[in-house]
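Below you'll find the structures, each written out as structure tokens.
What follows is subunit A paired twice: with subunit B in the first complex and subunit C in the second.
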Partner chain A sequence: MKILNKNQLETILNKLAEEAEVFVPMSKGNSSGFYSWKTRNPETERLMLDALNVYLSPKNIGFPQTEKMYSIKQSGPDVEIKETFEDSDPRIIFGIRACDARAITCMDDVFLTRGYEDSFYKARRDNTTIIANACYNPGPNCFCAGMGIDPTEPNADIIIRDTGDTGYIWETKTTQGEQLSARIADLLEEKELKAPELKPFKTNVEYAGVAEKLKSMFEHPIWEELSQTCQNCGICTYVCPSCHCFDIQVKMWGDEGYRFRCWDSCMYTEYSAEAGGGNPRPTTKERFRNRFLHKLEFFTERYGYPLCTGCGRCIVACPTGINIVNIIDQVKEANVDV
Partner chain B sequence: MSDKCSCEQPLVPVMVEVIDIKDETPDVKSFYCRKTEGGVPFDVKPGQCAMVSQVAIGEGMFSCTWQEEQEYLQFAIKKVGLLTDELHAIEVGQKLGVRGPYGNGFPVEECQGKDMLFIAGGIGLAPLRSFIKYCFKHREDYGKITIIYGSRSYADLCFKEELFNEWPAIKDTQVYVTIDNPEEAWDGHVGFVPAYVEEINPDPAGMIAVTCGPPIMIKFVLQSLEKMGYTDDQVITTLEMRMKCGIGKCGRCNIGSEYICLDGPVFNLAQLRLLPQEW
Partner chain C sequence: MKEISTKIKEIASRLLADGQVNVFLAWEKGPEDHLTHPLAARSAEDAQKIVFDEYSIHNLSNYLLKFRDGHEKIGLVVKGCDSRGIIRLLEDNQFTRDRLYIVGVCCPGMKDPLKAMKINSGLLQDIALDDKADKCSNCAYPNPVIYDELLGSEQQPHVSGERKAQVEEIENMSPDQRYGFFQETFSKCIRCYACRQACVACNCRTCIFDEMRPQWVGRENNETDNLMYHLVRAYHMAGRCVECGECERVCPVDIPLMLINSKLAKDVNEFFGPYEAGIKYEQDGKPALSVYSLEDSDEGFI
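This part shows the complex of A and B:
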């Protein structure tokens, strides 16, 4: 089997970074996320391959937080627009975990299927290679397995497995992965190592059956109760690797400017507000309900699996302690005959 | 300017030129658009919508109230806010962005051979008009046509020329118009649309009812139709939710697992009853 020796790691990242932007999990100040290996500042940014989930997901690599779509130039009644593909150069996401890899599968389904292909997303996605790091020791807030994901088998072009020894097993899964592996073939070793056993999860939840049960719970009093402390701050949707809602806005300086899209959140009032003051989701309760039903019921009905990947980031980020695992448990316990 | 097919770049508009603007009511104007070089940017089925933009200001979803062959696309737009205020201020010759067509549209084929009942309030006539005009264009494919339409006042009635002169003159067509409150020069019906529908009481046998208007009107019309014996699959409506992308990606127009921009905006009542009551 192919082995990536840990002492070759930097060499390999350097080599890969010659031909593509390589995003790796790194700490940055008080935060952490996926940042460019090439342009890292070694003083303030440290590689965190061992950390399970960095604070910020790699969502912005395929779906930037803000993205210019086209430039606008007007003169009198004439208007000219020109597409501006901001950045779709080849990129590699190195060290992503199974939960975040699943989130990319969610994005692929949203942006590339069901009638329309999002050309902006597609341009980047076609140029993205994913090298995932299999998990064997889930963290305190990890519950991917409960959401139907095997943390040791991430959906990726290449999987690396930390043997705890001197090396990672390097497992190529797709043609795109083969092309990448070929480029660094001489830096990999041939050796037999054993992948570790998966340790038990500390957060246990079982999603199976939840989507079906939720079908009859739209009007259930549970939403009023669960949403009591929610501030509609939107941080959960921001740190979520799979929340894909966006807004489209325009920025003009005189006669020139551009239209862009940016992440949006169903937790905000503005999100569904209509002209004349109407809003189908007027209070926290409706917005909260929509978020969790989208994750746990609506997405499953549409795409066949939930929009929650068990990464646990929202549990950490929520200022008022709202916990999706707890919500799943409460839904399972709820009496639906009320 | 983008010359690519709107399907390859679904979020990037094609530019069109406004070739005519008509005042329909004090706050509704019709905009006739076509490409500068001639022709329409895309073909639109009755009930489908497009994102129309005064590009430097914003985009909004509007029903295409009529496509005249390759001549023009027509939108009837009510002045309610930022974008629509701007649109009401433009003049002929202005370039607008359009992208689409979006949505499923009305089931024009499935309705062939049926009698048609159209019930609209206010600007809600804009989407229905594309279906009404389609029926007239293919008059032999449809049975009797009954149109019930109401607005706050006489001035607020859209498409008056068609309503009072053109449509009533068409074979097997009845047009009923009502306004909310009495007015001196008005000798027609006064009262709200749902009550008027019950008063006219069109027989459900062989009929398909299509309704659009303010949410409160739709709600009561649906109740009236049910009372009058219409079954859920005989009643069609078209919904409005706030929209940004129009292609089922940006998330915001969902009702349950359906995206109104993509799976709607047209639903029959049987389909609507399966969705959470968020419309």
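This part shows the complex of A and C:
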């Protein structure tokens, strides 16, 4: 089997970075996220392949928080599109975990299937190679297995497996992966190493039946109760690797300007505000309910699997301790005859 | 603290059972030691879940905004900083005093459950859990300033001076350096609005950032719009921030928002003071910038 020796890691990242933007899990100040390898300050920033995961998800690589779509010039009733900003620069996501790789699968389904291809997303996605880091040590808030994900088999072009020893097993999974592996073939070794055993999960979730049960729970009193302490900020939706709601707005200076897309959050009042002045989700209860129904019911109905990937970030970051695992448990226990 | 916890439970049970309040806001314990989170108890039975411990850090006065439109009577527990939040709401006419039953607790300083979560998460490195949350190391009012019942023994202010020093450091920067500092600081912002949501002084029914016609502040996550967001929010806080520190605590990307709020409090005190927001409740009392006086300074501010 192919082995990436740990002392070759930087060489390989440097080599890959010659032809593509390589995003790696990295510490930054008190935080961590996926950042371009080229921008790393080795004095203060650490490559975090050995950590469980990073705090800020890699969502923004394929789906930037703000992206300029096209520039426009208006003359009377006519609008001319001057330039379209599709970004097809090659990029590599190195060291992503199975939960976050699943989130990319979710976004692929949303942006590329069911009759419409989002050209902006597609331009980036077609030029992105994913090298995932298989997980063997689930953290205290990890529950990907409960959401139907095998942390040791992430959906990726290449999978690396930390043998805890000197190297990573390098497993090429797709044609795109093969092209990349070929470029660094001389830096990989041929050796037999054994992948570790997956350690047991500390947080267990039984998702089976939840989507089905939620169908009859739209008016259930549970939402009022569970949402009482939600402060209605957007942290959960913005640290979530799979939340993908966006807004498209325009910025104009006189008759020139551009359209851009930016992340939006179902936790915001304005998200569901209607042009006529109404708002079908006037309070925290309705917004809170929508978030969990989208994650656990609507997405499953449309795509066959839930929109939660069990990464646990929302559990860590919620200022008031709202916990999706607890919500799933409460839904399972709820009496639907109420 | 066990004793205080038991007393709160008793008070809440009594108030709920007698129908003196419809809801009692306190805390309950989560699945782990470091997990204490807000609870809205609606029955004496619910009240049995109440705890008050070293992680009861949330400013519950913020939750009153959820009830402002009703007639329900609300009981709640406040620490020193949180009690200033109640004065904020009363002065802003968001609540009337008779709808509240306030249980004040003299606060020895809290630990931050969010920080504990982060440390245990495996997602971050190099952070340690301090004995006291950052916001509690800069606390001038540990004892409630408004209450119906007071628990615990009086505490001394614990102001480390670190924040003051940082404010001075920024004051002493050249304009370019300072602009650079704010540019860098706010480039991290992900615009989740958690600072606004956790803030008791952010009680506008329609926030300027949610206005669409016209849209006052752009929604792009870039230097201009991020700076604009924080600038507008800062000015709205001037003379109104009660320095509970929740904005900074909940920020998922560690933006030092209290540096800005401290600077504003300092300037308001200097130019329009002596003034500190929310330290004394008076009938028809108003924050310094909501009143006009001929003696007001024309210097410095804005």
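Please note the rule applied: the second predicted complex is superposed on the first by the 331 of 338 C-alpha atoms of A that agree within 3 Å, B and C clash if a C-alpha of one lies under 4 Å from a C-alpha of the other, contacts with A are read in each partner's own complex, and residues count from 1 in each chain.
Simple rule for what comes next: contacts are C-beta pairs under 8 Å (C-beta built on N, C-alpha and C of every residue); 3 or more make two chains touch, one makes a residue touch a chain.
Owing to the predicted nature of the structure, the values given are computational and were not obtained by experimental measurement.
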| item | value |
| --- | --- |
| Joint occupancy of subunit A by subunit B and subunit C, clash or fit | fit |
| Subunit B versus subunit C as contact partner of A:Gln228, first or second or both or neither | second |
| Which superposed partner A:Cys262 touches (first subunit B, second subunit C, both, neither) | second |
| Partner chain in contact with A:Phe111 - subunit B first, subunit C second, else both or neither | first |
| Angle at subunit A between subunit B and subunit C, C-alpha centres, nearest 10 degrees | 90 |
| Which superposed partner A:Ala273 touches (first subunit B, second subunit C, both, neither) | both |
| First (subunit B), second (subunit C), both or neither touched by A:Asn323 | second |
| Subunit B versus subunit C as contact partner of A:Cys245, first or second or both or neither | first |
| Subunit B versus subunit C as contact partner of A:Phe299, first or second or both or neither | first |
| Overlay on chain A, subunit C to subunit B nearest C-alpha distance, Å | 6 |
| Touching both subunit B and subunit C, residues of subunit A | 247, 273 |
| Residues of subunit B that touch subunit A when the two form their complex | 1-2, 7-13, 15, 55-59, 80-81, 84, 90-91, 93-97, 215, 240-242, 244-245, 247-252, 254-257, 262, 276-279 |
| Subunit C partner contacts - residues on subunit A that touch it in the complex | 27, 29-32, 46, 48, 51-56, 65-66, 139-141, 228-229, 231-235, 237-239, 247, 249, 251, 260, 262-263, 265, 268-270, 273, 284, 312-313, 315-317, 319-323, 326 |
| Footprint of subunit A on subunit C - complex, ascending | 30-31, 35-40, 58, 62-63, 66, 113-114, 117-118, 120-127, 188, 190-194, 196-198, 206, 210, 212, 215, 218-222, 246, 249-250, 252-254 |
| Touching residues on subunit A, where the partner in the complex is subunit B | 69-70, 72, 74, 77-83, 110-111, 114-120, 218-219, 244-248, 250, 252, 255, 257, 259, 261, 264, 266, 271-276, 278, 280-281, 286, 290, 293-294, 297-299, 301-302 |
